[in-house]
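These notes concern the structure reproduced below.
Labels run A, B, C and D following the written order; every chain starts at residue 1.
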Amino acid sequence: MILILRSDATSEQVDHVVKHVESLGFAAHLSKGTHRTIVGIIGEEDEARNAPLKAIPGVADVVPVMPPYKLASRDAHPQDSIVEVGDCKIGGGHLGMIAGPCSVEEPERMDRIAESVRKSGANIFRGGAFKPRTSPYAFQGLGEDGLKILRDSGQKYGMPVVTEVTDPRNVELIVKYADMLQIGARNMQNFVLLTEVGKTNKPVLLKRGMSATVNDLLMSAEYILSQGNSQVVLCERGVKGFDNATRNLYDLASVALVKTLSHLPIMVDPSHATGRPELIPPCALAGVAVGADGVHIEVHDCPEVAKSDGPQALLPDQYHDLMEQLRGVAQAVNKKIACPQVTDSATIESNI
Amino acid sequence: MILILRSDATSEQVDHVVKHVESLGFAAHLSKGTHRTIVGIIGEEDEARNAPLKAIPGVADVVPVMPPYKLASRDAHPQDSIVEVGDCKIGGGHLGMIAGPCSVEEPERMDRIAESVRKSGANIFRGGAFKPRTSPYAFQGLGEDGLKILRDSGQKYGMPVVTEVTDPRNVELIVKYADMLQIGARNMQNFVLLTEVGKTNKPVLLKRGMSATVNDLLMSAEYILSQGNSQVVLCERGVKGFDNATRNLYDLASVALVKTLSHLPIMVDPSHATGRPELIPPCALAGVAVGADGVHIEVHDCPEVAKSDGPQALLPDQYHDLMEQLRGVAQAVNKKIACPQVTDSATIESNI
Amino acid sequence: MILILRSDATSEQVDHVVKHVESLGFAAHLSKGTHRTIVGIIGEEDEARNAPLKAIPGVADVVPVMPPYKLASRDAHPQDSIVEVGDCKIGGGHLGMIAGPCSVEEPERMDRIAESVRKSGANIFRGGAFKPRTSPYAFQGLGEDGLKILRDSGQKYGMPVVTEVTDPRNVELIVKYADMLQIGARNMQNFVLLTEVGKTNKPVLLKRGMSATVNDLLMSAEYILSQGNSQVVLCERGVKGFDNATRNLYDLASVALVKTLSHLPIMVDPSHATGRPELIPPCALAGVAVGADGVHIEVHDCPEVAKSDGPQALLPDQYHDLMEQLRGVAQAVNKKIACPQVTDSATIESNI
Amino acid sequence: MILILRSDATSEQVDHVVKHVESLGFAAHLSKGTHRTIVGIIGEEDEARNAPLKAIPGVADVVPVMPPYKLASRDAHPQDSIVEVGDCKIGGGHLGMIAGPCSVEEPERMDRIAESVRKSGANIFRGGAFKPRTSPYAFQGLGEDGLKILRDSGQKYGMPVVTEVTDPRNVELIVKYADMLQIGARNMQNFVLLTEVGKTNKPVLLKRGMSATVNDLLMSAEYILSQGNSQVVLCERGVKGFDNATRNLYDLASVALVKTLSHLPIMVDPSHATGRPELIPPCALAGVAVGADGVHIEVHDCPEVAKSDGPQALLPDQYHDLMEQLRGVAQAVNKKIACPQVTDSATIESNI
C-alpha cells in the first residue's frame, strides 16, 4: 500500500504519518519526489487495508498494490477451478448450459420446457420459486411447491436444477430441493445471504450486481468462499448503462478480466443483459468466444402467458438453433458442452 | 398502457393482439397511423402491467402511461407527508438533521460525538451496529452491544436514533432499541427485508440503491407502504457514475423530481455521495436548496482511528460550521431545522 | 408519434393540443383511457419530430414510433451494405481487419509493422497523423509527413490505409493520401466535420462516441449519408462505464442491435474498448462472434517507446496468434477475412 | 509518478525499468514491499506523463501524483479568477446570470425575451445562431443573421451576448458579434476548436462534455489557456446517467470539486441538465448553494413554437420567480448577482 501525501503536507504531518503507520505494526518507507512525498507501507496489505489511512492529516491518497480478495484470487489458486453441479462440470473447458423459464410454472409446462432444452443440449435446468420482483404487486413465485415441480422436471430429464435464494431463512429449505443456489443481481451485496449460502455445501451461482465492479463481484465471492464453500460460479448479466435500447449493458470484457484475476468459473446471461430475444443468440455466442464457462438463458414455450420476464424468453426452437451455432464457436475456442448422464433424446425418453 | 405494433405486423397479429388484450379483461382501442398501428389498452393499468404484453407476436413496444406505484404517489396523497422520529419531524418544511459516526464505537466516544452534534443542531443520532461491509475481513459492527450504546448516547443528549437493518432475522431485535430503521443502499431491492420493516411500526430511512432509478426507489418504498407502514423517508446518497473523482455521483435533480412524484419526505446524504470531507458542506447546502427534507452526515471526532468510513467523516467543528451556513440556506427556501425536546447546550448538560 | 396527456389535462388543453397538431398539418386521433387521454398523430413522423410537441400545455410525454434516421435504417435498405476500402470489402460476410500503430511514426518502423500485420492477415493499415490528444502538451502527430509515410507503407505491403480527420480544414489534404477517413469517438457529434466528410467520396470509419446511444451513432451516420456519401462503416470502441478496471465498457450487444436496425457494416475496436493487451484477443473473438464486420486493433513493435497509446498495443506476435484463433471463430459464424491483392507472404515479399 | 511492478516481475525486468526511467532523464527510487516493488520517479511529472511507462514489461500500473493540467490548476493561481464579459463579472463572488432562448429567432421575439430576462436580473443574453443538432434534418440556426439579431437585442437591453461556436472556420465571424464564445458539450474535446478560441481575446464558456470527467474538463480548459486566452468559464450541464427520468444527470459535486482544483469560475446549466421545466428552479438554487459562479437558463416566451429545445424552456414569469428566490440563496452563500450598466427597469426602458 502506498500513501501519497499532499503537496502542502508539513513535516509534522509527515512525522505523524510515519508514527501512525508504525504504530499499526508496519514499516514506512519514505520517497521524496520533486513535488510530493510518498510513503510505502511495508507489511501485509490485508491488515493495512482495514485502517482508515486516508483520514490521516496530510494524506492525499491511498493506493493499494494487492487485490483485496484472497481465496477468489488466481494468485491463490493458479489453475481454473471446476465446479460440479450434479454430474455437470463448469469451468476448465467445460461449458455449463443453464436453461429454463424465469419462474417455475405448472408441472406440465415445466416438463415440456425441460424436455426441449435438454434435447437441445442444456445441462442444468432453472426456474425461480421465490422471485425478487420490483413491484410488490407482481407474481412472487410458487414457493416450496415450485421447488418440488422444478426438481421433478429436472430429474425426469436428467438435469440438476438451480433456483434463486432471496431470504436467509429459506436457505435450509431450498437446499433440500436444489443442486445449485442462485444469488440474484439485486442480492449480490446482501452479505447476510452470502454468508448463509457460504455455510452450505451446494454450488452457488453468483450473479453480478447491476452496478458492481469486477472487484465488488470478487469480494462477494470471497464472502462465500470465506465460509468454507469453494463452489462458486460467477455470472455476468449486464450492468447499468446510459442507453436503454438494451435492458442492461452486457460487459463481456469483464468476463475476460475475471479470467485473469480469479480461478473461479464465470458464465454469461445474455437474457437479462439484453432483454431482447433477437439479441440473445449473438450475445450468447460472443460470451463463449470471450471465454465464459457457460451460458444462462431463459426459455419459455409461450412467452405471452409467462408469469415473469416473458418478453425476453427464447422459444424452444430458437434455443435449439442457438445451441447448434454455439457448438461451432465453442469448438473454435476449445470448449465443450458438458453433458451429464444422457446426450440423446432416446435416453431422455426412456427416463420419463 | 399503449402497445406500439411492429411496422411489419400482419393483420392476423393485430387481431391476435386485440383478442389477447380483451381476454385479459381490457378494451382495446386501435389507432392506425401512417406507418404503424398503436393499441390503447383501456382499463386499470395496474392489472395490465403484470401481463407480458411485449411478448405478444407483432408488438414492438409497450408504453405505460401511469406510474407503477400507488401508495407512494403524490396522486394518492397530494400533500407532503410528515414522518415523526421520536419528537423530530421530517417533511412539510421540517428538516431532519441526522448525524453521527458510521459505526457505533465505544460509549465514551459515542457520548462525545452525540453531545457535539446535538449542540450544533442535529436532531437524530446515527451509528451502525450491524455493518454491511464489502469485505468479509472488515469490521462487521458491535451487534446488540452497539444498539445499546447508540440508544444510551441518543437518550443522554435528547436525540432519537437511527441504525441500519441488514437481516430480516434481526428486525425484531433492532426495533427494541432504534427509533428509525435504516435500509442501506445495497439492500434497497432486498424485498424480503423491505417486507419485514414494512410490518413494524417504526419509521424507515430508505436509501437509494447505487444504480436505482427514481422509479425503482419509489417501488421499494411501495413495498414498505404496502405492508401498512406509512412512515418512509427516502434518501439520495449518490449513484454510480463514470468519474471516480467522487465516491458516487450526487444526483440532486432526483430529489427535485421525487418531490413532484411522491408525497414522501426525501433527505440527502452528501457523506456517501461524495466520500470527501471538503465537498460535504457545499453539497449539504445544495441538498437543502434543492428541496430535501433533511441531511444525513457522518461525523467522527478522530477519523484516523474510526472503525469504518473515517476518510469521509466530518470533524465536530466542521459539522458545527456547516450547520451555521445551512440555517441561512434553509431560511431562503422556507425550511426550518426541527428540534426535539432541547435546543440549548444548558438543557443538554442538565440531561446528562 | 403519440402524445400522452397529463392526467389533469383540462378539456381546453385537449382541444388546444388537437388544434395545434392539426395546424401543423397532421391528423389527431384521440383515445380516452381510464386515467389518461392519448393522442395519435397521423402523418409523417419526420415532420412531427421537429415540432416541440412536448412543450404544449397538458402534454406529459411524446412517444415516437419510428426511428429518426432514414438513410441509415434497415427499413430503407434491407440488405447488408458492403463498403469497399481499396480492394478490401467490409460487410456482407467480409471482415475488415484494420491494424497498425496509434500514431504514424518513423518510416522504417511503419514498414516493419505493416509487413508483420499484413502477413498475419490484416487488410487495412492504420496510423494517426493528426492526433486528438486530451493534453495540449502531448504528441500531436506528424501531420502531412505522417500521411505520406502511412500511404507509402500501406502501398508497399498491399494495404489501403485509414487515418483520422479532426479538422474540417484538413479534409481535402487527407483525402489525397487516405483510402478511408476515420472520425474519432470525440468527434462523433462534431456535425461540421461529419458534413465535410459526407461531401467526399471516401469511405468513412465512424467511431461511436463515449456516451453516444445507438440512436446517436446512427444519427451521426445519417449526417454523412445525407450529404451523399453512402460508404459508412460504424465502429464500437467502448463507452463510459462505472468500473475503471477497463479503459471503457465494451458494448457488444450494441453491435448485435445495430445489425437489426441498420444495413451499415459495424466493426469493433477492442484496443480502445479495453485498453489492456491481455483482454484484446478474447474481446476481438467475441466481436466477430457477435456479428461484427471487422476488427480494429492497435499493433506496435515496441510499445514502451510508442508515441501514443503504447500500453494498449499488441505486439506483432500477439496479433499473429490472435488472427489464427480469429479465423476459427469467423468460420463458425460464416464470415471470412477479406484479402485485397495478396494473401501469402511470398507475394508480399515480391512487392517490396 | 509511481510505478507499481507486477508481483511476478523478474529482477531483469526491474533493472530494465530503472534503466529505462533513467534514460528518460529521471531518477528512480525503488521501494521493495512484502509482495511488490514500487518505483518512485523523481523529476517533473509533466515530462514523465508523455512516456508510455505502463508499456514497460513488468509494470502493472502507473500512478500519477500531480494533476496533468497546470494553467487551470489552483496551485498555479490560488485566488479565484474573475472573468469579465462586457461589464459583467463572473467569479470571485459575482454571479453571471445567462438567459435567453436556445436558438436565435426573429428580432421581435428576441427583444421581448431580452427585455423580460433583463428585468428579472439576467446579465448576459444568449441564443444560438449555429446549432449543433443531433439530426441533419433539424433546424440548424440562422447563421450570421442570427448573430446580428442577438447582438442587437443584447445591446438594446444592456446585456453582453454569448453564442456557440461549432466550426473553426467561423470563429473570426462570431468574434465580431459576440462578447463570449460558447463551446458546447459535444465539442468539449474538439481540440481543433479549443485551440482556435484560445487564440481569440474573447471570454469562453466551456461546457462539460456528457461523459467528461472533471479532469477531462480541466484539460480542455488547459487547451484554451495554453493558447494565451485566460478568460475561461466552465459550465456543468449534466452528464450521462442510467436514469432517463431526467435528460442528463446534474453533477453538482463536480462543481464543488472544481472549486478546490481550479481557480476558474464555473457556472451551472440546469436547463440542459434536467430537460424539465419543473426541475429547473430548484436545481438552479442548488447550483448557487453548492458554489457555482453563475446560472445558465433557457427562456422562451412561447415554448410550443420554439425552434429548438422548447420543452425545456422556462417562461419569462417562471424565470422571474426563480430569480426572486435565487437572490435569497445567493445571499446565504455570500454571492451577488453582477449587473452591468443598468439595474432597474426604468433605465432599461430608456435604453430602447
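Basically, a residue touches a chain if its C-beta (ideal position, glycine included) is under 8 Å from a C-beta of that chain, and two chains touch if they have at least 3 such contacts.
Quick caveat, the model's predicted, so the values are computed rather than measured.
Note on A-D: its contact pairs, compared by residue number with those of B-C, B-D or A-B, agree for more than half at B-C.
Of all chains, the one whose mean C-alpha position sits at the greatest distance from that of chain B is C. Chain pairs B-C and A-C differ in how many C-beta pairs are in contact, and the one with more is A-C. In whole angstrom, the spacing between the mean C-alpha positions of chain A and chain C is 31.
Computed from the mean C-alpha positions, the centre of chain C lies at a distance of 27 Å from the centre of chain D. Chain B and chain C have centres, each the mean of its CA atoms, that are 40 Å apart.
Along chain B, residues 211, 239-242 each make contact with two or more other chains.
Those residues of chain B whose C-beta lies close enough to touch chain A in the complex are 20, 46, 49-50, 52-57, 68, 132-139, 166-169, 186-187, 189-192, 195, 209-211, 216, 219, 222-223, 226, 239-240, 303-306, 308-311, 313.
Against chain C, the residues of chain A that register as touching in their complex are 211, 213-215, 238-243, 245-246, 249-257, 259-260, 270, 273-274, 276, 278-279, 282-283, 285-291, 325, 328-329, 331-333.
Residues 2, 4, 7, 29, 31-36, 38, 40-45, 63, 65-66, 75, 240-242, 244 of chain B are the ones that touch chain C when the two sit in their complex.
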